[in-house]
């Protein structure tokens, strides 16, 4: 193993380096200057993100434990972008007095989960996968409980860590059976001997349940709403896009590489789960008043839509999944960015009814949120439309027209509740609308990036083309 | 019945019994103690399988580390003598049903499986092999997980501290 | 050395332990006891890994190391969980899981 | 047709159209007098043009080889449906259309002239003249139509101008209701017309009148063999087309709009509801007569009976009405019934086609004397400010010219020799006599009744009691009396026009003659009617009351127009509105929309019901998690196996 | 830059201009200028199109341009127009142009109003010029969404409910449509080869019958909802009645047509076999629509409801005629689209103006308006007469073409349907005259009506322009009929080829 080989692990190395840098800053800076950590970290991380896009060699390391390809790099870059936006959006929140002594911890925790996700995506065996997965989950529990003054926040933390532990327990049980029936934990070796005996199916289902937990598929989704609601907004946004995105990536990779043989089985499983996820997510979202909880259920139903791309397992499907996650990052972060800005500015107003008449006082934020929600609903000309369209194309490609029909009908329900928020902002009248406030530069920058992304990604076909060219499939 | 088999039966029985005690005992400290027994018995099982290193880790980390942590936190958060409230019957029944059904499902499925053992020679497991494996970055080397888990532990540490530390302002 | 003890016995043992853990997770009211149940679950999985490794694939040490890692992760997880439990205790003055339901529906 | 170019005829309808546009768009900027003069001037021009055309056609260029040619003066494609079917806009000149041109322009010109005086001081005179011009345009377009679709187009336009004119006093609710009724009833009839056109055009593959009505052509014979419910398809088509004609011509049972239409200004009634538009139905049947004759004989019989019944029915009602315009309206119905009957009993070619000729003849004479009657009635109303006979009496002293012309008209309609009505009616009776004795008998009765009710009117209004008026009635201005006199002259002398040498079913002239065997009794019957009327109404007495008492039920039914209006009202208000429209509206709100709202509501309910799933209890989440995973495993290991 | 793209660029630039505007006046005039340019472009397009055709260019689509967009899925930005789309584009530009004037008096949030309105128009224009199903769909959805805000913010009455209902039902339609379009895409190359969204390409292949049986209802109903197909029309009365004037105009005038156009262009053109096989179901539904809408209108009291139901009826006639599947009927259908578009826009404009004066739309609460606001009164009568199919106005031409065309079917089923549909002309007369009678005629209802002012210049402009259009088509229909008819030839040929085989 030569030194250059470490270039393959560029993302992970850089992130680790950043963790170290932030740790050093934390240790050696005196309290009064700690707020400077924010711009520095954001700047550094922006640099890391940009470096991530530079061309890089691909290959495997550590005897196949670590593998990287153009697609892996793309996924990691997408996650980096998401995390970068989260960082930018969180800057204002971190400035609050209640967070003044835990600024760098926020960055360290997020960066370490990001490392975990990167390793998870790049993993070539179940051991690394498991390790990455845990690295990506455990700190998030702490992040969810970050707001130590809030009951809800600690409740979110405990719910997350326990659900996560249970799910990883079940998944491990499945993994052990996979190991026992195939004699290996390496993806390629497992894939080559996997036949689909009952025990292997059981193992797969248990593994699936673990992943389903991360992606919050019904019926493994119940933690989602509570955690999203309780956690600080910026953590929720991170959780809902980056964490979920990473899980989706590795999930689709494993499905088409390891479980290639039992594709008909998992396609059926996903069929059922996807329908459940979309429908239940939507049904719950209709009734929510807390906007974070609302977005949580919306993200559950979005997960159902993402599964539409996974189910085909085709090149197109995988490309559309990756593309959709990219779009989803911008849409969801746009929405959460506005929620975060308002929550931070008003000291925690997070109910949809608080948004009544928002357009009169804060038109900019209202438009941003509207665009983001339209993107989630799949309305042109924002990127979400393209994302959904490709997902639907992918599912139709495999001939799942019934599923497609259910999915499109679900989009109507989802449109309904997205419009409820739009209605609150534009149409409802309120005696005490949220007063006009000025956001700081970071928040504006974060939202601007999201809007730009939403508008550009859909029309700029090269993005999708590039992803498609990297894509993999059954 | 050979002594080995007897050992297995005993260890197995201990594990199952004390597991059940762990999850049913109404005194929380006792439950912790029962858990300790289970973990130690598991270590015994590893010894029995001649994985001494693992057994040692099990005892030090699990029994020594986690259980101690748990006991500390029990002491922090509960009255030692306090009994936990009884669980509603409905919950017990449903949970038990789920667990039993799950166990039956898994066991029947396991028993259907024809496990294929490898023909390759068994590898001796000693400290040297383990050490080499941990530092090996080729196939069947575990250098990478070894490194990553350090990040994990660091992160967990930071996480635990950030949550548990008393805020200066409060 | 394995004599009459078959792999299946280990697996059944682990499965039983696993579901005992699950049962505990579902019924125990105290958060810490729930955590213990999770440890049981993880332990059961470890037994699986180790037994497979020993019985079926003794030429490599994948199961062995997997178990090792799981133990480490379990420790980390327990640490964070306990930190949060303590935090919960600060807020709710008890650690009964049934009280932790401020957010629902 | 010679080398004469008739294409200037296109200006005959176009001039009134321009007049309409000018008056309609800018009329409110003109002085009131100017608008009337402008409208009348336009009509004067086309009146002259029409007369010129009639002269050129009938006496110079029309007759070639003993047959009147059908001349297409101009023809442009207006709308293409299929390769074969296209609507053209054009001018067709043949005997009946030229005759109609003369009728329409004459009456219209007179009415315009008359209106200058009649409408003086009314609000919206410019609108009035605009509408009159519009009507004239439409009617002329209808008359000169080269194809059935063009006819239909102008048919509709005529209907709408009638609507506008009836509703001229739009602030009067009764006028609004009447106009609406007129439009809807005729529209309903036009539905039949339209479907008839569809069938006809589909069978024959053409709209063109010349192709359609050529007895030697193949179009006319197509569809005769295809049967539908006992009659040939062609018969059905023609019946439906006749339905349109019946609507416009107010044949029973579609007549109910005409009496109400008297709500419009009186000159309008004279123009539209007496002389021109209402005979459009007759004209339509006459226009398609060869088809009726050769391919749809049953339809022709029906026409005859409808016409006969209507004439009797209307005459009976006319005997009891009090509103003078309504009397005239029912009289119109009765006379048009005559014309229809004549067509119905007519054969084809020379003497067989006597009915055809008679019908057109009567159309012509009727236009003159009925217009005269209406205008006279207008003059009376103008003087008295009332429509009701019982508020009038002894007017002969106050309105000498009106009285004289009115008397002439009455005598004409009663069919006394040598007035024009005699000639045309006599031909009709003769035609009926040869074809159907029953109808002949009916027409004799009608002739008597006609004389009776007309003279009832005459005597009550001009003789009768000496009524005291608020304002002393005085004779109308000369713009009104000139038309009266002109039309009176026309009524007197029109009978001497040798119609059989001009307008015939096969366009070949023949020698007409008067069958005195039929004519003399008819004059006698007429005289009898006059006599009875004179006895009863010349002086105030109690005969009418006794008469009414004797014919108790007949009188009451007749007075109430046989309750036809009430039946219609019942059908529309009770059945269509209550049992169709309202349920439809209800169904739409509650069933169709209810389903949509129900789906939405259902979603919300389900959403509410399943909220328990998200209980906030960590262990319940765990339970769902475990059972979910187990259920999936169970299903996909053991239940789903493929 | 090709000519057709200007139809998208001009509105977008207008929107951009409006964003930069400082006050209401600037906003309005920017909108006017933008839409005037659009109108001129459309007029020029008509002439250019006719000139091209005259010059013998017989290509199915003229001004055809094709740009690759997403090579991976063979999604293209393909634009082109035939006579039908030219007619639709012209219609749209007329209505949006007059719509701007009709909304001269919008009271709050001018900027947003005009932005949404013009965005809506952009969607419609885009839809009509696109040949690629994907971009078509994109524009279609783009046209639907601003509607929510337009009705929700500037509407009247139960606007939130109506807006939501309308949006959801229309998006429901577009959801089904999406399934249909994607299905078409995957069946666009049954013999192998590149899949495509291009209409023309797809029309050249025969889509397998099993696929058609599924996809035809999907696309047809999908578009049908937007076209207010019974029983999925209920968004329309509520939506129209709540919408602000210009939106009602645009919606009834253009968006309904969008659905019909799509049903024709996509569903029937691409899947003729299924159209033949399943047409009867929809024929029954549309026949019901025609009569049902008319009957529904009789009982309504709200002017906009009357007009909405009347739209259901008239637009039902469009689909009805399309399903007759012969050239004449289809020709009539397209003309009916144009005609009804202008007519109903006129209606809604007038209703808006009357409402602006009397502050009620319930006919029973008004009366005698002809006397006090004669211009609007006369215009309303003209609109009414046009609507009931008076010759000289466009409605007559269209309806007659439809009826003549429909009658060309020999079998009893089609004939009976035609007769039933014909009967709507009577019912239409009933409700139109009823409204005119109650609303305009009769004595002046209230004294304060005498203070009402008649139409202002912008209202006159808007109304007058529409009336000229209606009358123009009504008096000289041949050029329009020919323009449409030529473009129908390939469609009809495709449809008839099938029936010949059968």
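Chains: A, B, C, D and E, in written order; residue numbering restarts at 1 for each.
To be clear about the criterion, a contact is a pair of C-beta atoms (placed from the backbone, for glycine too) under 8 Å apart; a residue touches a chain by one contact, two chains touch by 3 or more.
Values in this document were obtained by computation on a predicted structure and should not be read as measured data.
K.L.:
Quick one: which chains contact chain C and chain D both?
P.N.:
Both chain C and chain D are touched by A, B, going by the contact rule given at the top.
K.L.:
Looking at the contacts, which chains touch chain A and chain D alike?
P.N.:
Per touch definition, common to chain A and chain D: B, C, E.
K.L.:
Tell me, please, which chain's centre (mean of its C-alpha atoms) is farthest from the centre of chain B?
P.N.:
Relative to chain B, the chain whose C-alpha centre sits farthest away is D.
K.L.:
Which chain has its Cα centroid closest to the overall Cα centroid?
P.N.:
Looking at where each chain's C-alpha mean falls, the closest to the middle is E.
K.L.:
Round to the nearest whole Å and give the separation of the Cα centres of chain C and chain E.
P.N.:
65
K.L.:
How far is the middle of chain B from the middle of chain C, if each middle is the mean of its Cα atoms, in Å?
P.N.:
Roughly 5 Å, centre to centre.
K.L.:
In whole angstrom, what separates the CA-based centres of chain A and chain E?
P.N.:
Centre separation, chain A to chain E: 42 Å.
K.L.:
Hey, how far is the Cα centre of chain B from the one of chain D, in Å?
P.N.:
102
K.L.:
Any chance you could list the residues of chain E touching two or more other chains?
P.N.:
Within chain E, the residues that touch at least two other chains are 168.
K.L.:
What residues in chain A touch two or more of the other chains?
P.N.:
Residues 127, 131, 134, 138-139, 141-142, 145, 148, 154, 157-159, 162, 166, 170, 177, 180, 183, 198, 202, 225-226, 287, 416 of chain A each touch two or more of the other chains.
K.L.:
Can you list every residue of chain B that touches 2 or more other chains, as numbers and ranges?
P.N.:
91, 94-95, 98-99, 102, 105-106, 109-110, 115-116, 118, 140, 142, 145, 149, 152, 155-156, 159-161, 163
K.L.:
Could you please write down every pair of chains that are in touch?
P.N.:
A-B, A-C, A-D, A-E, B-C, B-D, C-D, D-E
K.L.:
Would you pull the chain D residues touching chain E in the complex into a rising list?
P.N.:
Checking each residue of chain D against chain E gives 77-82, 85, 87, 149, 152-154, 156-157, 160, 163, 167, 170-173, 176-177, 179-180, 183-184, 187-188, 190-191, 194-195, 198-199, 201-202, 577, 580-582, 584-585, 588, 592-593, 595-597, 600.
K.L.:
Give the list of chain D residues in touch with chain A in this complex.
P.N.:
600, 603-604, 606-608, 610-611, 613-614, 616, 618, 620-622, 624-629, 632-633, 636-638, 640, 642
K.L.:
Looking at the complex, which residues from chain E come into contact with chain D?
P.N.:
Interface residues on chain E, with respect to chain D: 165, 168-169, 230-231, 233-235, 237-238, 292, 295-296, 298-300, 309, 327-328, 331, 368, 370-371, 385, 388-392, 396-397, 400-401, 403-405, 407-408, 418-419, 422-423, 425-426, 429-430, 433-434, 437, 440-444, 477-478, 481-482, 485.
K.L.:
Which residues of chain E touch chain A in the complex?
P.N.:
On the chain E side, the touching residues are 69-73, 75, 134, 137-139, 141-142, 145, 148-149, 152-153, 159-160, 163-164, 167-168, 171-172, 175-176, 178-179, 182-183, 185-186, 214.
K.L.:
Enumerate the contact residues on chain A facing chain E in the complex.
P.N.:
Those residues of chain A that touch chain E are 316, 319, 374, 379-381, 385, 389-390, 392-393, 396-397, 401, 404-405, 408-409, 411-412, 415-416, 419, 422-423, 426-427, 461, 464-465, 468.
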